[in-house]
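Shared between the two complexes below is subunit A, which has subunit B as its partner in the first and subunit C in the second.
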Partner chain A sequence: MEKKDKDKDKGYNRREFINNGVRLTLGLTVVGTGALALTRSTGKDYVWQIDPFKCTQCGRCATDCVKAESAVKCVHAYDLCGYCDLCGGYFKPGAKLETGAENQLCPTAAIQRKFIEEPFFEYIIDEELCIGCGKCVKGCAAFGNGSLQLQIRHDLCLDCNQCSIATVCPSDAISRIPANEPYIIKGDFIKNKEG
Partner chain B sequence: MREKLDLNTSNIATGLLVLAGVISIGWWLAKDPVDELVTTQPGLDNRGAHTAVADIDIGAYFESMGTIESELQESWPRFRGAHFDNTSRSQVSLIESFPADGPHVMWKVELGEGHAGAAIYKGMVYVMDYDEEERADLLRCFSLVDGSELWERGYHINLKRNHGMSRTVPAVTEEHILTIGPRSHVMCVRREDGAFLWGLNVEKEYEAEIPLWYTGQCPLIDDNKAIIALGGTSLMVALDIESGEVLWETPNESGWLMSHSSILPWKFEGVKMYVYSAFGGVCGVAAEGPNAGEILWQTTAWNHQVVAPAPVCMPDGKIFLTAGYGAGAMVLQLTKSGDRFNVEVLNEYAPKEGLACEQQTPVVFDGHLLGILPKDAGPLRNQLVCVHPDDFTKTIWTSGQDKRFGLGPYMIADNKLFILSDDATLTIARPSTREYIELDSYRVLEGHDAWGPLAIADGYLVMRDSKTMVCLDLATSRQ
Partner chain C sequence: MLKKIPNITTLIILFLLLTGNLLQAQQRFPKPEFETGYVQPSPTTPEPRSIALEYFDVFVLLAVLSLASWLAVRKRSRRGLLWLSIFSLIYFGFYRDGCICSIGAIQNVALSIFDPAYAISLAALLFFILPLLFALFFGRTFCAAACPLGAIQDLLVINPISIPSWIRKTLGFIPVIYLGLSVLFAATGSDFIICRYDPFVGIFRMDGPFLMIFLGITFLLLGMFFARPYCRVFCPYGVLLGWLSRFSKWHLSITPSECIKCKLCKDSCPFDAIEPPVSQEYRAPEVARKNLKRFILYVGLIPVLTLLGGWIGYKSHIYLSRVHPDVYLAELMITNPELKQDQENLDIQAFLESGDTFEQLVEEASLIRNKYKTGGWVLGGFIGLVLGITLMNQVVFRRREDYEPHKGDCFSCGRCMDYCPVDKVPQRKIKFKSYGPRE
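This part shows the complex of A and B:
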């Protein structure tokens, strides 16, 4: 009886040992994979981006990107926009407030102006036409709320090891930021540096 | 037979080549290589047609909340104060530093979104305000000391927010209060009790165009006349302050438009005139005499779409004009020869090249102009600067890159500069022609866009951000 119990204990332990070992291996694999995925999604990868708080709209984003058509585009933070009839980002200073090409600041007519209701107008960026020159951003920053901003579009950016625009940016406005928060937009809907 | 076949094959090939060439040339001739381009022409924004000007029953709304007696005697009766220079002559000594927990707040009141500054008259505060719930444009009267509201007079009108709504300062005399609302509705009431006297719908009566972001012109009472710039069928009008009867109208033959700038009364070489910087040009209009209302001089050299600061006129005939949106500044020289005035441009420069202001009018201290530069002024943007009296492009001092302000107001009282930043931080500085001397600063309100002009009387400073007006007790004797 004593021997039988001893054999029973011995067999149980071996089987359990193997089972537990397999379970542990599978568990560690799952946890490890999850942890790796979590790590990747929480910002160990970085992308290039422009800090609109530092950007001085020098125009080099349009000319120094390795892509023939720059990956930098103007984006519009609508919550900051005043929807003004006289938009400093759309019109040349002193221009007539109408959509004729001679009045527009944008060299490629990439901003569409749309009447909403008196006295409000909406300004929409056509990224197909935008070359990232920043003329509209400069105009908006000088006279408006700064709702037009330059950003590197990550569907266009090649994410070079060394961004060629960053090397020439006079205000050091381009840096690596976590890939899970790839854009820096001024506006109440995101945290800003002063906040 | 074989030769014939070769000949036929050769002919077919040649024919096909010729046909392909003809088709290609035809396609080339017919195809417009730029037919996919869209020309950018006026009207692509589908701007709506101008709606008819609404009939407004000016003065019909009134609500009385009480009455008080006040022993206070000082006043800040209009835009830029009694002397049109944003400088208080009060003898009340004011603090030069704030207590640790900030200035003593007498009262605070919520207002509709806007930038309208207050006028103060013998213990009463008068401010224009748009009540979004009531859908009414109101002149509101408060007690200066405790902020209790005494009455409000106005009219119902539907307005939409457009970077704020109310943005003008009433003009107040012992007998009258004159106001102008966002859509240029002029209203005159009796000061004592707010009784309605008369109103004028400028947009309707004079076909005037309301400036972008609503009316910014502050009305003027001068010599018992209400003086209003129009920019419609007439350029300027004078009305009897008691009855509203038209006394004279200045023709607007050049079709100038109303700007945000306010009319400045000025006496030069013994001739009193009203200087006005319109959208179209700047002029001087005879203020009195048989030719009252006539244009004495004018120039279109200064012509900008958005002009908010008032002209600054110097005793030597120099007129300083400035505006935002890239306009910069211009200095005119007015001279008089016999009965004729002559005006010439002394200097014109970009905002980066000298003193320029976007919204507020510079102040004069000891013959020097002080002002805050606009955002497009390069490295000195948003800094307070002092310029040389003989050359406004020569900067004597700046507040420095660590001390930038914005579009907020500034004034001089008790030999101190009070400067309000966009975020309602109030800075006290010592006015000087040698250097920037900051004494103290404190964030008074938590809001933003604190652009409404300041008003001070009896040591009480009334200031605001976009939604809140506050009264501070700055008198040293009451600390």
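This part shows the complex of A and C:
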């Protein structure tokens, strides 16, 4: 009886010893993997953003965001705007210069046109209405200065681990950028174009 | 169609700018000088969530894991674990929208190790590491109370049915394949499949594509009978947690003292994770000899399965590599050159506009495909190795005299502790009600 107990103890100790060894190995593996990743890690945080210089306004931003209403909106870089009367982002090509919806390029009439002084007009994006389709961006780039651009709005973006628009973006325009500079606004036109 | 030219002053400015700074000429229409005191608005830039809050998430995770481990191992409180899991569901699920999560962090770690251009954020790394370390010491307490995906399924366990062991073992192999594939796709920078097919994130956000919501509701409905289906049949992080938990230093125990082998706990576990005592029959010489033969056979099979798996993985690298968008595009353009004229194909049109040559694309695609050759070997070998070890484990018998949780499969949810009748003396009731002392 005593011998049996002793055997049991021995078996138990052996198993304990093996367990401890395996635990140590596994622990070191986990910590090692962590350390390997840590050498490549940064304390910085990343957010998704569209590079307006790569964007080709394919229209997928409006449809492929995980949110029913895309987190991508049109942003107006006013610094670049020519305040044109005939705005390529506002009017459909060849349309009458009247503000009726049938003349507007925007499918949701999200661009407000405001008279400033002869002959300048200000264009303001109503983000509540904007769906991020990029039609106006395309129009403005084709006929005007390209002051309209698409950006991921971080008050709306859920910051998914893998941005579902980035995976379908045909021009690789969406990438992770440091969270301390979360927007790429074209305002600094020359600097960004060169840099 | 000509633009209406603004006015003379702007023309002069345009002229001055053109002569002064040629770069400015890229702006077709210069910014006007307003005379009416118009103030130009500047574009709004709403800030993303601050980094301090990311670290707060890590802190919450650490606190939840510590509390869960204490509740499971020391306090033995199912109710505490339940409330803690509801908190995690609300915080990590509904408030944090299911992102950041430890399951998805596998991919970030894999990508950061294999892609020098990608740096993982420290918060994501800690989300990956902390639950693993806790599993190594306290078992899968992460699954019990910190994982929002586990919590939402656990709350809907209504009438769990018991699944035969061989079905569980077979289905339990799917997560290993899923883990291997997700690491391969993440390491090659192809896709984050864990996030893409996360079934519950759509429910957490109360918004999402149809497939996501549909998958989530299907899993929840299925989970009423097959408890925690995602955890048991898909979760790739659960594979890692299970391995580590098998060797955990401490683990939830069903009974506070001596097991009376009443079998109540086995019926209480919705996950079939409690193993009955092993009869001593396997120690009989003829059984032992038979088992030893099987054991040697299975051990011998491990290298065979590993190599065979690796070879199959290598053979399928062409199919696997198509997940990468560049490989897919290059292949598409080679097999269907007429698509270059197709104005409807956005991917091809965007590529043609980008200015890269077709040769560059093909070269990049073949580089990626080469990575998949190695990756296919590793993936297949890994799956074969795990299969071999799983087979081998079928004949390793351990002395087990009591009902014990399977440390690899147990989620530490604590239901069994409530069911165990041992030492359940209602002390308070004795004190305050006239039940009389129990001998």
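Things worth noting here:
Here is the rule we use: the second predicted complex is superposed on the first by the 147 of 195 C-alpha atoms of A that agree within 3 Å, B and C clash if a C-alpha of one lies under 4 Å from a C-alpha of the other, contacts with A are read in each partner's own complex, and residues count from 1 in each chain.
The criterion applied here is as follows: contacts are C-beta pairs under 8 Å (C-beta built on N, C-alpha and C of every residue); 3 or more make two chains touch, one makes a residue touch a chain.
If you're wondering where the values come from, they're calculated on a predicted model, not measured in any experiment.
Of the two partner chains, neither subunit B nor subunit C is touched by A:Glu128.
Look at A:Gly94: by the touch rule set out above, it reaches both subunit B and subunit C.
Between subunit B and subunit C, C contacts the larger number of subunit A residues. By the touch criterion stated above, A:Ser171 is placed in contact with subunit C alone, subunit B being left untouched. When the two structures are aligned on the shared chain, A:Arg113 is found in touch with subunit B, with no touch to subunit C. In the superposition on chain A, A:Ala68 contacts subunit C only, with no contact to subunit B.
Of the two partner chains placed by the overlay, subunit B and subunit C both lie in contact with A:Asp85. Judged by the touch definition given at the top, the superposed model places A:Tyr46 against subunit C, while subunit B stays out of reach.
In the superposed model, A:Gln104 makes contact with subunit B only, not with subunit C. The contact surfaces that subunit B and subunit C form on subunit A in the two complexes overlap at residues 82, 84-86, 93-94, 117-120, 143.
Put simply, subunit A touches subunit C in their complex at residues 11, 19, 22-23, 26-27, 30-31, 33-34, 36-38, 40-47, 56, 58-60, 66-68, 75-86, 93-94, 116-120, 122, 124, 143-145, 153-155, 157-162, 164, 167, 170-171, 176, 179, 182-183, 185, 187, 189-190, 193. Those residues of subunit C whose C-beta lies close enough to touch subunit A in the complex are 1, 3-4, 6-7, 23-24, 26-32, 34-36, 38, 40-43, 45-49, 51, 54, 97, 99-101, 104-105, 107-109, 112-113, 116, 118-123, 125, 128-129, 132-133, 136, 191-192, 195-196, 201-202, 205, 207-209, 212, 243-244, 247-249, 325, 346-347, 349-351, 353-354, 399. Those residues of subunit A whose C-beta lies close enough to touch subunit B in the complex are 82, 84-86, 88, 93-94, 96, 98-101, 104, 109, 112-115, 117-121, 141-143.
The touching residues of subunit B, when paired with subunit A in their complex, are 39-48, 51, 160, 162-163, 212-213, 304-306, 324-327, 374-376.
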